[in-house]
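What follows is a structure written as structure tokens; I'll ask about it next.
Residue numbering begins at 1 within each chain, and the chains themselves are lettered A, B, C and D in the order written.
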Amino acid sequence: MSGPDAVRPGQSPTGPEALLTLRDFEAEARARLDPVYYDYVAGGARDEVTVRANEAAFQRISLLPRVLRGREKREADVTLFGQHASMPILISPTAFHRLAHPAGELATARAAARADTVMIVSMASTTDVRDIAAAARDAVPGRDPALWFQLYIQPDLEDTAALIRRAATAGCRALVVTVDSPVLGVHERNKRNGFTDLPAGMYCENLRNLRGDEPGSVRQIAMSPALSWEHVDWLRAHTQLPILLKGVLHPEDAHIALDHGVDGLMLSNHGGRQLDTAPATIDLLPEMADAVGGAVPLVLDGGVRRGTDVVKALALGAAAVGVGRPIFWGLAAHGEQGVTRVLEILRDEFDHALALCGAGTPADLTPDLVWSGSAVAQRFAPGRAGT
Amino acid sequence: MSGPDAVRPGQSPTGPEALLTLRDFEAEARARLDPVYYDYVAGGARDEVTVRANEAAFQRISLLPRVLRGREKREADVTLFGQHASMPILISPTAFHRLAHPAGELATARAAARADTVMIVSMASTTDVRDIAAAARDAVPGRDPALWFQLYIQPDLEDTAALIRRAATAGCRALVVTVDSPVLGVHERNKRNGFTDLPAGMYCENLRNLRGDEPGSVRQIAMSPALSWEHVDWLRAHTQLPILLKGVLHPEDAHIALDHGVDGLMLSNHGGRQLDTAPATIDLLPEMADAVGGAVPLVLDGGVRRGTDVVKALALGAAAVGVGRPIFWGLAAHGEQGVTRVLEILRDEFDHALALCGAGTPADLTPDLVWSGSAVAQRFAPGRAGT
Amino acid sequence: MSGPDAVRPGQSPTGPEALLTLRDFEAEARARLDPVYYDYVAGGARDEVTVRANEAAFQRISLLPRVLRGREKREADVTLFGQHASMPILISPTAFHRLAHPAGELATARAAARADTVMIVSMASTTDVRDIAAAARDAVPGRDPALWFQLYIQPDLEDTAALIRRAATAGCRALVVTVDSPVLGVHERNKRNGFTDLPAGMYCENLRNLRGDEPGSVRQIAMSPALSWEHVDWLRAHTQLPILLKGVLHPEDAHIALDHGVDGLMLSNHGGRQLDTAPATIDLLPEMADAVGGAVPLVLDGGVRRGTDVVKALALGAAAVGVGRPIFWGLAAHGEQGVTRVLEILRDEFDHALALCGAGTPADLTPDLVWSGSAVAQRFAPGRAGT
Amino acid sequence: MSGPDAVRPGQSPTGPEALLTLRDFEAEARARLDPVYYDYVAGGARDEVTVRANEAAFQRISLLPRVLRGREKREADVTLFGQHASMPILISPTAFHRLAHPAGELATARAAARADTVMIVSMASTTDVRDIAAAARDAVPGRDPALWFQLYIQPDLEDTAALIRRAATAGCRALVVTVDSPVLGVHERNKRNGFTDLPAGMYCENLRNLRGDEPGSVRQIAMSPALSWEHVDWLRAHTQLPILLKGVLHPEDAHIALDHGVDGLMLSNHGGRQLDTAPATIDLLPEMADAVGGAVPLVLDGGVRRGTDVVKALALGAAAVGVGRPIFWGLAAHGEQGVTRVLEILRDEFDHALALCGAGTPADLTPDLVWSGSAVAQRFAPGRAGT
């Protein structure tokens, strides 16, 4: 050790390399974006209690590292539903990437492909999933891109079938079915900003020319509280793709999901954008892991901003995590390069946290690494928070 | 989904439609009201610990929504003491509506009638309950208005009897008997503001011309620590109207109340206006629901500002909630239209929260929807609040 | 009720009547006092964690009032060690009253006598206890003043004996023996302010002309870590006066104290002026009450600023409370009138809190009035403090 | 007691005597240091959650003092691994003292020697350990300096052996082997400040001329995740010096360490400089003390800033504590005199806290002095932190 931490010489102060953390990207995106779009992404439902809870919960949780484990190298690779990813950090589905950058989802897809991780394409993408898949394929020739498709089941199942066909044809290899949106969450920031429509020329391209519509027309995404487990059964019967349900928060629903044959659960509160005052996902993870009992993988999103957050989620039972807003900040700050840098930061931080925890692979992350604040410790720290 | 949340086109930026939340109404009311009157309503007893606790407690409680329940439509209607209300959100009794708006309680009553919900008329209203009832009747011809009457039992029972007769004649269909006011709460804001008397021309009209007083004279409301359960027995014997006790906070008193044959309890700390440092009502609700054991309905007020607050109260055992200050803010901001808008916001938010929780009716709101922070989850989040 | 809370007409905005709460007196005192003296009184040991904890703890504790108890009048009188006081609110011993007002302890004593409550005279008073007693006697002719004497046992027991004789002769009727001061607490505010000596002409008058000193000379108060339970035994054998130990915080020491025949305990952390990070006294009270098991009365001080604080302390097992700094603020603001007003505010607030809790006497204040946050309630409010 | 706390007359307002607390030294150091160096020392890993937690945890823990123990004098001396120290407060290893003051580690060593306490020399010192030892020896002729040597085991064991020889030859009497640094912690403050290299002329002198290097050349300290318990076994076999492992946080690792024959553990999270969101060490101490079961001594560092912090650590099972940053602040403020003053403040505060706790020696500090917030007390203080 010749001195303190190194930074790369010659790096530009405004380039992506100068942004050191995901929060730096958030600040940069805020500076660059139309405030209305910034608010659209940063905000959440109602009082945004859950938005804040997601991040705060990770900071409250403590890690107990192991030492002297003799693990010279770390391997972050994971296999999820038969597919390889170079790290257990996925891109959660978020809508409207073209609000962040003209290249939109194409840039995201290229960055994800180059990072060799999963991009969950939002059904509400402003680029057709087939174009997204092509961009990903071009970015890394010879490697099938790891794309999953986020789906809102449409009440008209024929429409849903058409969407699935489109996604499958494009090469998506899993369906992430959002089930926490019987109605759209209410974001008061948008209402105050008068943000009611996408800018001219921007559309939910996955709903264009759907099932014999008039050429060029774009459907609206329908949300329906009439959806039920029968729709999951229909889906299960309709596709060979692995099905993850996204937005199951109640342990009883986790049991039901298993009964209906889903392949995985995405433990998500929709980034605090649907039901405000839903718990932080990381706080819920232990009981959801208990409920699932290892039967299927759990992917968690919501508030992941640091490599240690990934460690905590995996230690408590997640197979992988997703990040949403940070990807958008990356896009807004520096397009594809920004997304690449966001993923690189997370990869570096996760690798670093693995090393500091004495872990060599995600499988080494066991629940005992999360400090349980045992009875002994608790005994001597009665709540003095109010003083 | 063509884009983000919609707002209604053409809405005036200063009209009631531009106010999106109950907190917006609070801000608008603050801007419009004489600060002395604002303080009178916003403030509470002593250090206002309970005032703050009521709202804060709701934000601390988390909801675990259910998914895929196939409930296309929500029905918010409830029946309380044999009476229908279009939603489980009532108007709690608050005094002196003419401080907020010249139309005073008449405006409140019209809005409540049009919203098809219960207005609990304060005995300290600045309008005679008979005029209030007439306004409600005129607002929705052909439907009996759902008015209840809040009563401070007067030590002179003949006076009390006269008041009950007046309320019953007017058409009030339940008595909400405040029992937390053996003496008046002390509001230091009022003392500092020198707010000692109602403005000229404003009176507690329900106490005018009571029982052979000199014509035109207005009695003072008497509060008495001599009141006892015998007064409840007298009342029980004296009226056929359903009797709710308002202000019972001790579970032992809930048991006693049941022994004395009351029809319901209004779980209220008087909006933090009587005993400062009383608990938030929502924090008390689980043990009060346990104490009552379903024998009679519980109506909760105190800090309800969001549709999710209503969901939490109902999930934990309340049959309905009341709102007090928000109604006053509505009046102050836009008179009857303001109250209408406040009720509409709450109805929309409650409906929305029901949908997001997978519930179709209030009966679907079961305790398991409130996150219990199970032993598993708690194990991994020792108190880091102080850090 | 013709309108909101009354204030007395014609009251001067700067007179004691215009000060409504003990915190008002604190602010007034701060405005009037030399900042060095203000800091001396307001401050505490080291980081002042305990100073803040004392007040904060009361605000965290919730009260569950009883209703309809039919208690028309309240009687606040208590009997402590055979002596009557008109309320369970005593004057805790504090040093150097002449720093606050030229009349010093004489003013305090007159106010206490007129309020018919106990003044615990500090051994470090700037007035001779005999003069204090005379002032109290003159203030209310025909009633023996309720004076107790706070004692630091001097390592030279003959000195101690002389002090006790002086106090007993003056008419003090109990000894409050401070045991938390083996060394003097360190107040960094004083060090920063350069406050090292009393102003010219001000002395610890109780140590003047002690036991054959040169006439006019004043001893220093000695503090000694050599003091032990044997000194208590000596004291017990030496005086017929009731003995209270002040500053016992460890339950094991409470047991030892009982074994040594003390008559009472004053549960005090010296207002946060001795060991910083000692617990708030009200937080400790339940286990101290358990330890003592009713064998002797407990008097609590530390952070009492409101009538509800008194209710909480009595409900949890204290026989009475003491107030220290507020008396000093009263003196600094308005001399004797200020102390009178401080005591009157506390009396009114306590009476009011009794009424609101459905209590008629201190004996009605039972532990169940303090909300225990039962298992049921706790189940639904996992720590969201950090969000 | 003639008046309030004394300060020494004639002390300079800017000299070390005018700095009363460790936080004063922090402020003074901040004012004097290049902000880049200040940040280097004050900062920690990533979001610095652990940096803040270390200090905050001590403030949350309460002490229950004992009284009347008749302990006239305190003796703070301890014996650690057969060596005497005048107090249980050691100097934790910190790098690069010449960043703080030109005299660097020489000044620290002289101050430590004069204070008769242990200095743990950092392997990353900017002065050769042999020169440090000479300075310590010169400072107090005739007394062997109490120096321990902090070691990062180098992957090349011959290098490690050379380092140990150098340290042992210099007179170091224990090895403190840092095991929490398989990789270097990431300090984003340094990256933002561009602080990548030591200033010209400053080196890790302990790595100069190591094992036949070219004369004058200085090695880099190597950190390696390949280190394992076998390296500890090698070390155990290689040296007679007592071995402490520094950075063991997981109780299971404590058990393993005992199995490998270490002589002690230094319970440290590296001052929050390695794994961010590791728990505060004082919060972990009870369960680590349980895990070790008294088999070997525990030395705790992290957040010790007050004499009461030392008391808490010893009461909960530590044999001694270390201080790191405060020593650096002392150096930066006033060189050797500053370090002397920092140690003197801590000694005085610890002695004072012992006295106030009724303790005569470190051995009197038993776990019951730390308030356990017993079941009784907890019952009456449900979490109102959020209100």
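Convention: contacts are C-beta pairs under 8 Å (C-beta built on N, C-alpha and C of every residue); 3 or more make two chains touch, one makes a residue touch a chain.
What you see is a predicted model; the values in this text were computed from it and never measured.
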| item | value |
| --- | --- |
| Copy pair chain B, chain C: interface residue numbering same or different (half cut) | different |
| Most remote chain, CA-based centroid, reference being chain D | B |
| Length of the line joining the C-alpha centres of chain A and chain C, rounded to whole Å | 58 |
| Approximate Å spacing (C-alpha centroids) for the pair chain C, chain D | 41 |
| Where chain A touches two or more other chains, by residue | 49, 53, 57, 59-62, 283, 371, 373, 377, 381-386 |
| Chain A residues touching chain B - in the complex, by the definition given at the top | 40, 46-47, 49, 53, 57, 59-62, 95-96, 124, 152, 179-180, 182-188, 190-192, 194-198, 203-204, 218, 220-221, 223-232, 245, 247-250, 252-253, 256, 274-279, 283-284, 286-287, 290, 316, 367, 370-373, 377-378, 381, 383-385 |
| In the complex, chain D residues that touch chain C | 1-7, 20-21, 58-59, 61-74, 306, 308, 312, 349, 352-353, 355-358, 368-369, 371, 373-374, 376-377, 379-386 |
